[in-house]
Amino acid sequence: MSILSMTKTLFKSIVHGPYTENYPAKPRENYERTRGSIENDIEDCIFCGMCTRQCPTGALEIDKGEKRWSIERMQCIQCGYCVNVCPKKCLHMRNQYTAPDTEKVKDDYVARISDH
Amino acid sequence: MDEQKIKEISPDEILIETVDLHSAGYRLVAISCTGKDGVELSYSFDKDYDFIHLRVNMDYDTEIESITPIYGYAFLYENEIKELFGVKIKNIIADFHDKLYRISEEAPFKEKEEE
Amino acid sequence: MSFNKKSPWILHYDATSCNGCDIEVLASLTPLYDVERFGVVNTGDPRHADILLITGSVNGQSIPVIKQLYEQMPDPKAVVAVGICATSGGIFADCYNVEGGVDKVLPVDVYVPGCAARPQSIIDGILKACDILEEKQKALKGR
Amino acid sequence: MGKRTVVPFGPQHPVLPEPIHLDLVLEDEKVIEAIPQIGYVHRGLEKLVDKKDFKQFTYVSERICGICSFMHGAGYCMSVESIMGIEVPERAVFLRTIWAELSRIHSHLLWLGLTADAFGFESLFMHTWRLREQVLDLFEQTTGGRLIFSVCDIGGVRKDITPEMLDKIVSVVTNMDKELRDVTSVFLNDSTVKHRTVGIGLLSKEKALELGAVGPMAKASGIRRDMRTQGYCAYKYLEFEPITAEEGDSYARMQVRIGEIFQAIDLIKQCIEKLPEGDIITKIKGNPKGEHFTRVEQPRGEALYYVKANGTKFLDRFRVRTPTFANVPALLEILKDCDLADVPILILTIDPCISCTER
Amino acid sequence: MSLIMLLILFPFITSVLVYVIREEHTRNAIMRIGAAITAVLTLAAAFRFFGAGLRVSVGGTEVIDICILIVEVCLAAYIIMTGIRERKYLLSFFSAIQIVLILWFEFTQKKGIETGTDIIVDKLSSVMILIVGIIGSLICLYAVGYMKSYHVHHSEVKERKSFFFAVLFLFLSAMFGLVLSNNLMWMYFCWEITTFCSYLLIGYTRTEEAKNNSLRALTINVGGGLAFAGAIVIVGTNFHIMELSALTAKRPVPLVLAAVFLLCVAALTKSAQLPFSSWLLGAMVAPTPSSALLHSATMVKAGVYLIIRLAPLLGETVAGRIITLVGAVTFLACSLMAISQRDAKKVLAYSTIANLGLIVICASVGTRESIWAAILLVIFHAVSKSLLFLSVGSIENELGSRNVENMDILMDVSRKLAVCMIIGISGMFLAPFGMLISKWVAMKSFIDSKNILIVVILAYGSAATLFYWGKWLGKLVSNGHPKKGEQHPGLHLDEKIPIIIQAVIVLLSCVAYPVISKYVLIPYLQDTFGVAAVIPIGAGDQTLMILMVVMISLLILVPLGYAPTSFLKKRRTTPIYMAGENSGDNKNFVGSGGVKRKSEMSNWYMEGIFGSKRIGFWSNIISIVLLCAGVILLIGRWAS
Amino acid sequence: MMLAVKILLIIIFTPLAGGLLTGFDRKISARLQGRQGPPVLQPFYDVLKLLQKETIEVNPSHRFYVYVSLMFIILTALIMLTGGDILLTIFVLTLGSIFFLLGGYASQSPYSVLGAERELLQMMAYEPMMFMTAAGLYYVSNTFFIRDIVNRKMPAIIYLPAIFVGFVFILTFKLRKSPFDLSLGHHAHQELVQGISTEYSGRSLAFIEITHWYETIIALGFVYIFFAADSIGTHILAVIVCLIVYLFEIILDNSTVRVKWQKALSLAWLVSGVLGTANLVVLSFFNF
């Protein structure tokens, strides 16, 4: 039989003060491993298409001719599988996530043609 | 852990076999179905971690008895299989008549003939 | 002056989410993120809500429900699709019982990416939706 | 005679984070009849084996559910590994166990919070979820994801946990232990909480057996069954006893789950102590052929994974039988003759995961 | 004087006329005219004698007495025969003793007892006359329309309308006699006649149930009559008086108290207090006009009327305390039991008993304020309850059911009836209507007289009252939709007029109460107690009045909610919330298995807690124990 | 003239005070839960927003009851704060609540009706204590007028400690706080969705909020009456006690579950019965 047994925790949290992280006023530091969004060092990319074929959601697209590698941000589930399979290791997982937007974002990465 | 005890039986033996297992104190773990090349039903049972399976192979037109009279809670599995695979299971106690999931497509797991 | 921005009440509906985004929406109510700082109340009742947060892609059963909930919300209202499933169907886009993202059914105002969308994204998304609400309010007045 | 009240309960309902529907027939507020309807989150992901190859399917299986995500991935991987006869490195096995147990803590805390919310104890909800965030933070630091980790792979795990991180895990769970005791003692001792849980949703041992209940649902009715004792993953190296209770009511289930939280903390510490050095993943070659049933103990109980492979990269069949699915008959049983006010608690007491159930 | 005679005789004549004339139209015309004239006579009599009152001694009472005696003997013979035929020997037994007692008294003891004033018209009896006359005539008028529809719905019941109407008018006659007599013998006679009328009306349908219930009512009331007769004998033999006013002027010595106690027991049976209340519940099988007239508005008030008359001898005395407690038990138990009832008439019946209990409490507490409250309660209860009964009667004809649950469509079927019903119910328990005001004063008087227990009981009883009226009100305002194609007969003009008039009276009465208080109650109390009565409502009368008016005007806004609003800016209308599964028509939802399911709403009855079985049993036991205790105490007093 | 000004002031300031209290309530609750919480003025933002929003109706009449209810609650506040009759206050308050729940019935929507039903039950549960509070106050001061009650030598609390405790107990019903927030939980999720207010949106919902603000002040007003007497000190004390009681209710809200109706009813009746009767009996024993 105990009534109001919660009060202990309640008073503790009064003393402790709010645990709230003041996001967005105070931006959050993400961890190194945080899976945010896929980045491509496009200059290293050989447009082999490994990543597009292996991506489970079909978020990636390449255009060999135009040397364009593009990602549908609103389709990528940040599984990191493309990073794993990329033979050139030019993909990596950035620890910043894509910001919400009012429309579906598609990011294009175009390599300078002259390089290859 | 690796050894799988699977016992093949014919569709009409299912009730006899389950009654045996039931009286031996086994509990039904799951009924699984595979829809490739005809119906392959696996009834999995367990008693004190002794994990055995009954395997029934049949075609889509064969009817099979429901085991709900023996294991009442099999109704969920059987309804699911009926709805998703289009397997004919008869005498289910608490039959949802293919409305368990209310999916729009009919028997999506069933191997469809070329359309 | 418009107060939509100061008190966006949300209605959360789980269309076919895997729970990942779902619980992140709930998590954003909890002490660490505390969206109530922005006046957010998780109402659970379409009549009271300003923002419809949908997690998960839509399927045959949930489409009428979502439509009805949206209809029952008073203007101005915004729809926020939380998670990749809701934005585009994500990994489940190919499933037989998935129709795709929420935009198949409702006009989505904000897409919140992430699998699962993290609470910070959700906060960002809600704040973005607030701006949209404000615009909609103005548009309503203008009419 | 007398008219009754017939109301729809769900799919959209504030106490249900996930959509299910019940036709409730009430008299005063007594539930006379409750007819369920599921399927609102049915996606049909098992069918995806036709479209995603068996490696990609790891990610699909992780997304069966965002709560017990890790073990879904691991269960799937274990099945495929068995079929292909892959030796998983010891370290990977231990790491999987650590994550699995952390998931258990996160899942149970989540459940405790939701239950508190269901009986109107908002502050308790807030505090349990606040503690849960610490676990999620550990996940993020070790795997990069808060709920869905994408670390499990066929043959092992993709990310290692650094020694510093291991220390941090130990210190976090140890610190949490203290605060947790404060919070859980409210669940276990507060008389108003007891008013809502003791004797509510009684499921006798016989009934539990008869209805095929699993997990805490069965354990709380005195059935000592825990798949972990089968020694998959690293459990064969760890010492633990399944936690059970006798009463079979909501309170007993709460006891079991709270017990499991503390047990998980202990298991994590054991794991970290015994963690061997070495590889974390073995390379795989070829495609699987054969079939396998794997059972693991998820937070909600025994889950069954069945994989049938035909030698191509697309599987014939993947099937998961989740614990909630097995507990639904028990839920329908305890919903009989309850009060409307108890409906949310009863639904929550089986710790439902509709996403798992309907896939 | 002749006016009074006319008042008593006119209904009797009408009664004979309607009984004899069987032709539908003529009879209806006679009914209407009769009702109108009765009402006019009542008003005339009330105004005529309002100021000074009237005390008359009728000469040549012997003739009247003999007539009375003959009728009484016939009546007794009939009742005894009936009892024997129906094997209700208790009934025959009661009746036999009673008539023997009366005959013995009449022929051996009566000699030399002079009655000074046989008839008294004072403020209280004027009030009673008004209630009986106005409400009675309205109900008689209503009966014309009601019975027409009634026989359409109940084709199995043999049509005996003439008989029915005749009894109604006969009853009015008797009732006038009852409230006007000061002569106990006469009063007793009228008392028996009303009992008999009630018996006839309850048995109207001649079904097995009706027969049983009517016999039960008769048995209990004849039992009460026996107590009355006993009291007459005690008073007559010991004190040689025959007048009520003389009795109340006596000092409360044990013998007087015994007589008073017996009279009170008679009153309790008539007012259907526990443990005698079962007959009133059974009486609900009768066609509704009789329930409205006899079993809520007037006849049952005879009991409390008698207690109010006897009030000076109650109060602090043993008899008073016992009666108060019995009333309190009745009030609480019946208020609680009403919660578990679905049948509208049953709810009304329980509520009637409960309110009578409250009046009994007020009357028997016997302070000025409490009597003030008691009389007001009598008035307001009669007014509101008869409105409710009439409305329920018509609703039954309209909807084919009198289950409260089915009334959610009433707003759609007949807005008028629904509004009248709402007015009636509000009249029973909401501010600013009279019932509540009277309760308030009642509470004040209980505190002043230190009846703490009663205050507590009042608190709980009122809370229960709030619940059952509240949920009924809820049903009335819910905008249910009737099934398509359902036929609703519509109201007869004969039903509509009385109902609307009643509703207006209810509305008016809540502003009228200060007037009633000032011109009726205070003078009456002054007369009875000889001391200037304090105005119980207190000094804030002015503001109170303003508030009342404000409240009423706010209440009048209520029907506005149903006024057409098409000229206003249209609001968007959407389907109601059904967890996202409204199938679009607001009535059904997509239920499990994808089938449409009707969403139904029903009220709470909480039978497990407030079921009439358990509460009824215990409260009966308690009240019986209380009455026995009263008897023992009185005997003890007398012996010592 | 004076009266008109007074009335105007009451009508304006009561909800402001109530809203402010609610704001503090939300802030304090948040702090107790380890959160930062919304701004103190949040309730006002909410209401202003609701006023700007579209108002949807499900049928022509259900919104109407909310407005009537508000009017009666305002009337209650007026009667109470001008020192009127306490019983009348209670009666009009009841009237306001009745209209509120009739709105629930009128919408004919499942959860509203269930909510209304529960609201009615709650009223039945707390009404006896309200009644006895009035009785007790009358007992000690021989008047029903609040202005006279608060002008006596001794504050009523001295004679009515048990009734006060009982009153604070049922105050939880009026403030719609856990453990007795059966019909309409303000923030926690519950089985009845939003109870009676389920079908209200926009302006009508705003009015419900405002009604609640008035009710909060009225509820605390009763507490005030217990403590105020004819010295200034007691009035200050009364205000402080009101705040303490409110704080207590917040803490109670945050440390209890929502009980079931059976418990709510039996607890409320038991507590009122025991405390109320005991207090009154003791008083009558000492013959006040």
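In order of appearance the chains are A, B, C, D, E and F, and numbering begins at 1 in each one.
Heads up, the rule we're going with is that contacts are C-beta pairs under 8 Å (C-beta built on N, C-alpha and C of every residue); 3 or more make two chains touch, one makes a residue touch a chain.
From a predicted model like this one, the values you see are computed outputs, not experimental measurements.
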item	value
Where chain C and chain F overlap in contact partners, by chain label	A, D, E
Chain whose Cα centroid lies at the greatest distance from that of chain D	E
Interface with the most contact pairs, given as the two chains involved	E-F
Chain occupying the middle, per Cα centroid	F
For chain A paired with chain C, centre-to-centre distance based on mean C-alpha positions, whole Å	20
Distance between chain centroids, defined by C-alpha means - chain A, chain B (Å)	42
Chain C and chain D, separation of their C-alpha mean positions in angstrom	26
Distance from chain C to chain B - Cα centre to Cα centre, in angstrom	39
Shared interface positions of chain A, touching two or more other chains	3-6, 10, 13, 18-20, 56, 77-79
Per-residue multi-chain contacts in chain C, two or more chains	13, 30-32, 34, 37, 42-47, 59, 61, 65, 69, 72, 74, 90-91, 96-97, 115, 118
Touching two or more other chains - residue numbers and ranges from chain E	572, 574-575, 577-581, 590, 592-594, 599, 601, 604
Arrangement of touching chains [line / ring / star / complete / other]	other
Full enumeration of touching chain pairs	A-C, A-D, A-F, B-C, B-D, B-E, C-D, C-E, C-F, D-E, D-F, E-F
Partner chain B, residues of chain C touching it in the complex	59-61, 96-97
Chain B to chain E touching residues, read off their complex	96-97, 99, 102
Complex contact set, residues of chain F against chain C	26, 30, 33-39, 42, 45-46, 48-49, 52-56, 187, 189, 193-194, 197-202, 205
Parts of chain E lying in touch with chain D, wherever the complex brings them together	342, 403, 405-406, 578-581, 589-594, 597-602, 604-607
Contact footprint of chain E on chain D as seen in their complex	2-13, 21-23, 27-29, 35-37
